[in-house]
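Chains here go by letter, A, B and C, matching the order in which they are written, and residues are numbered from 1 within each.
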Amino acid sequence: MSVMKLSIGPQHPISAHFRFLLDVDGDVVLKLEPDIGYTHRGIEKLAEKRTYLQNLPVIERVNSYCDSAGTMLGYLEAIEEVMGLKVPERAKYLRVIAAELNRIASHLYAASLFSVATGLETMLMWTINDRELILDLLERLTGQRITYTYQTIGGVRFDMPDGFKEEALKRLDYLEKRTEDYYKMLLWNHTFQIRARKVGILKPSDAIKLGIVGPNLRASGVRADVRKDEPYEVYDKFDFSIPTGKNGDSYDRLEVRFKEVEQSIQILRQAIKDIPKGPIKKWTQPIVPQGEAYTRVEAARGEFGYYLVSDGTMKPYRLKITPPSFRNLIALPHLCRNVPLGDIPIIYISLDLIPMDVDR
Amino acid sequence: MILGLSFPQLIELILKVLIFPGLAFPLLFAMIVIWFERKFLARIMLRIGPLHVGPINRTGLFQPIADFLKLIQKEIIVPDNANKFLYNIAPIIAALVASLSVAFIPYALKPDGSYWVIYYTPLSLLVILAIFTARPFIMVAAGWASNSKYCTIGAIRAALQLLAYEVPIALSLASIVIMSGTFDLAKIVEAQSSIWFIIFQPIGFIVILIAMMAELSRRPFDIPFAEQEVVFGWPTEYTGAQFALIMVSEYFDLCAVTSLITVLFLGGWSGPAIPLLNDISPILSGIFWFLLKMAILTVIIIMGRGIYPRLRIDQLLDAGWSVLIPLAITQIIITLLTAQWWLPLVGGV
Amino acid sequence: MTDKSTEELVVDSVKAKFPEDVIDAKVQRKNRVSISVRGNKIYDIGLFLRDELGFDHIASVSGIDYIDAKEFEVIYYVWSMDKKVLVGLRTKIPRDNPTLKSLVDVWEGGLYHEREIWEMFGIKFEGHPNLSLLLLPEDWDGPPPLRKDFVLPETHQERLEEKIKKLSGG
């Protein structure tokens, strides 16, 4: 059979808002080229025309439905670094709580997409169901389920409501038990292992060379996490470990995500226990002096890089956002060479690329 | 005397063709199984399933009927460059072929010694095997006639899968034929009057159950149907009543397959007589046991959808060729070698 | 005399190897080093950073339009796993005819980053395998959007309005 050009387009059950151009020979994919830009909103240009405070909802929409709390942290840290602003302790703890809850929700979402890609709809329903618990908690804390605009320049906007601590601890205990269910039902499912093991193996040297970040990098065995390398907020006060995988295949990428959920539960327990009393916001007019800063935060999908250049006015001169999915995108053509057609959804979903992240 | 039949025989024929096991039975089976599958899988997935449409509150019993009515009033779209004849006729033939097998399976034993079957032939097992072999052609015709890359890929995969799994089916049928000595389905049931064949041939039972799940394209073998890479496989371009026919023909197939396995391995209609039903008519208790066994098999086949992910096409073909065929051959060898122990227990030979 | 920190050691080794091409190399804060070089030597310095000093994980490539000074600045941010230092390798190029040697051979992960800078700023990277539109629509013919003097071109706006009119039925 001659080489067929297949286009898995933006309207497709598995590709979210990406388009892939495949060269298929029989059942083997020879080459894959991603065609991105379907959700490009020009956020970097928009950010230059708005003040720092007006930019908060805009920056959050870089990755709104999965991980908005993690996305915001980098922008705020950049501003605070250039301004030299010190955030109150309680606000830092609250920011970490929101970010870690978001990380759990985002990993559950990634697991649900993975189950859909392999055809196990049961786990789609279970993970989305459990994600609802987390979103409910976040709604109590911030007032919104998905895009919070909770963290602001100098702190956070709302304080923890009464009864939040007990409710959160209860739900975290439930989630910890549930993770065992997920191991038995999804990860140790024999058919799932046949599908996901040895598929899309990313060697650690390749991963570092290509600039891969996040759970994808850690699944290949490289122990790199911004929370440990360059601790920001109050991450240096918590006791947690960085899970890594052994082989770098798709199964490991999912297993690392589940292990990170367990670690996030540990961090959350410590944060809820140790949170000090105090103010939650140090409000000043965000007049940022001239300067620049590059901050890195660890969102759920990897490292978010924010490069801010300010010229002393109320609006940023240049804000460059480097999302983790944009950096992970290059792994996709690298891994999808000479693989069976049935492996393409598995590899793509295991890398956890979010089109909004990639396009900004 | 019409068609060489007396009046009571004519009434019986009309009953058989129209009600059971004729037109109404596979349709009713499909409706009930679709409802049950949606509710059952919903509970596995921690959901509720259909709720509102139906007479009993919060059960959604008529949901399949509502879906069917919705589908048949939609516009039928034929793609421009499609082969119109094949495209339009493929769903009809799919439904026909699927329900054709039901005509040859005996469902009960009448008190006068004959069988409750639409058309009695001493070669009914061979006929049914031949009908199953025709199924891949329909899929390839429909997929090719749709003139779309996705459909072509889906149709080829469907054909590969079904052809690969027909061999284990034929082999386990062969070991049943060895044990019972006849191709006649009714005589096979009679041969199980003392012990069901599943006790003698457990390996054969497992082989045919798995192979039939692949033939029906049920998860974990549903690559032809619901594939994430190729949208929906060979029936992608069908809408409206044609889509409804294709979906319902899958359940007609399920009806035929579970009836077949019940006859071959689970003793058909044999079971203790139920006094209440026997008062109405002596064949009703046989039909009751038959339906009960079909129901158990249906539940087992449906459960696979909630538990297993999908296999990749080469892993699937690998399982068919290198695992199931040796198992089936092992079953034949065991059957042949242990002949002296089971021969006296098989009745009616 | 305290030991020099890792960042200072990096700065010193780069300055020692390329004394006349490094315009400015300094430690910005903990884990951050900024090295400003001439545009024609950025490839060699990049190779030195990768091979000798172990900076092999590219983090980001960013472009800035300094319209008043009439120049672009391109910054390559690279991270080193064991040193835990982020180096910002920056160079300024003139705004009229901006070209730069592509560093895709040095850091393969910069493939899409450089492509995006080309389409957003108009900076041509020589040696890049595929400089084509990445995020913008396929029929984009206007100026690079992220420049400070960007105005949505009249022709593009008119074409857009025509398309919208045609799609909504005249």
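By definition in this document, a residue touches a chain if its C-beta (ideal position, glycine included) is under 8 Å from a C-beta of that chain, and two chains touch if they have at least 3 such contacts.
In this text the structure is predicted, and so the values were computed from the model without any measurement.
Chain centre most remote from that of chain B: C (centre = mean of CA atoms). Here the chain at the heart of the shown protein, by mean C-alpha position, is A. Centre-to-centre separation between chain A and chain C, using Cα means, comes to 24 Å. Each chain gets one centre point, the mean of its Cα atoms, and the points for chain B and chain C are 63 Å apart. Per-chain Cα centroids separate chain A from chain B by 46 Å.
Residue positions of chain B touching 2 or more other chains: none.
Chain A meets chain B in the complex at residues 4, 6, 8, 12-14, 27, 115-122, 124-126, 129, 189, 191-192, 194-195, 340-345. The touching residues of chain B, counted against chain A in their complex, run 41, 44-47, 149, 153, 219-220, 222-223, 226, 228-229, 231, 305-315. Interface residues of chain C, counted against chain A in their complex, comprise 31-32, 56-60, 62-65, 75, 77, 81, 84, 86, 88, 107-113, 120, 133-137, 145-146, 150. Per the touch definition, chain A reaches chain C in the complex via residues 36-37, 40, 42, 44-45, 208-212, 222, 224, 229-230, 294, 296, 303, 305, 307, 309, 317-318, 320, 322, 326-327, 329-330, 359-360.
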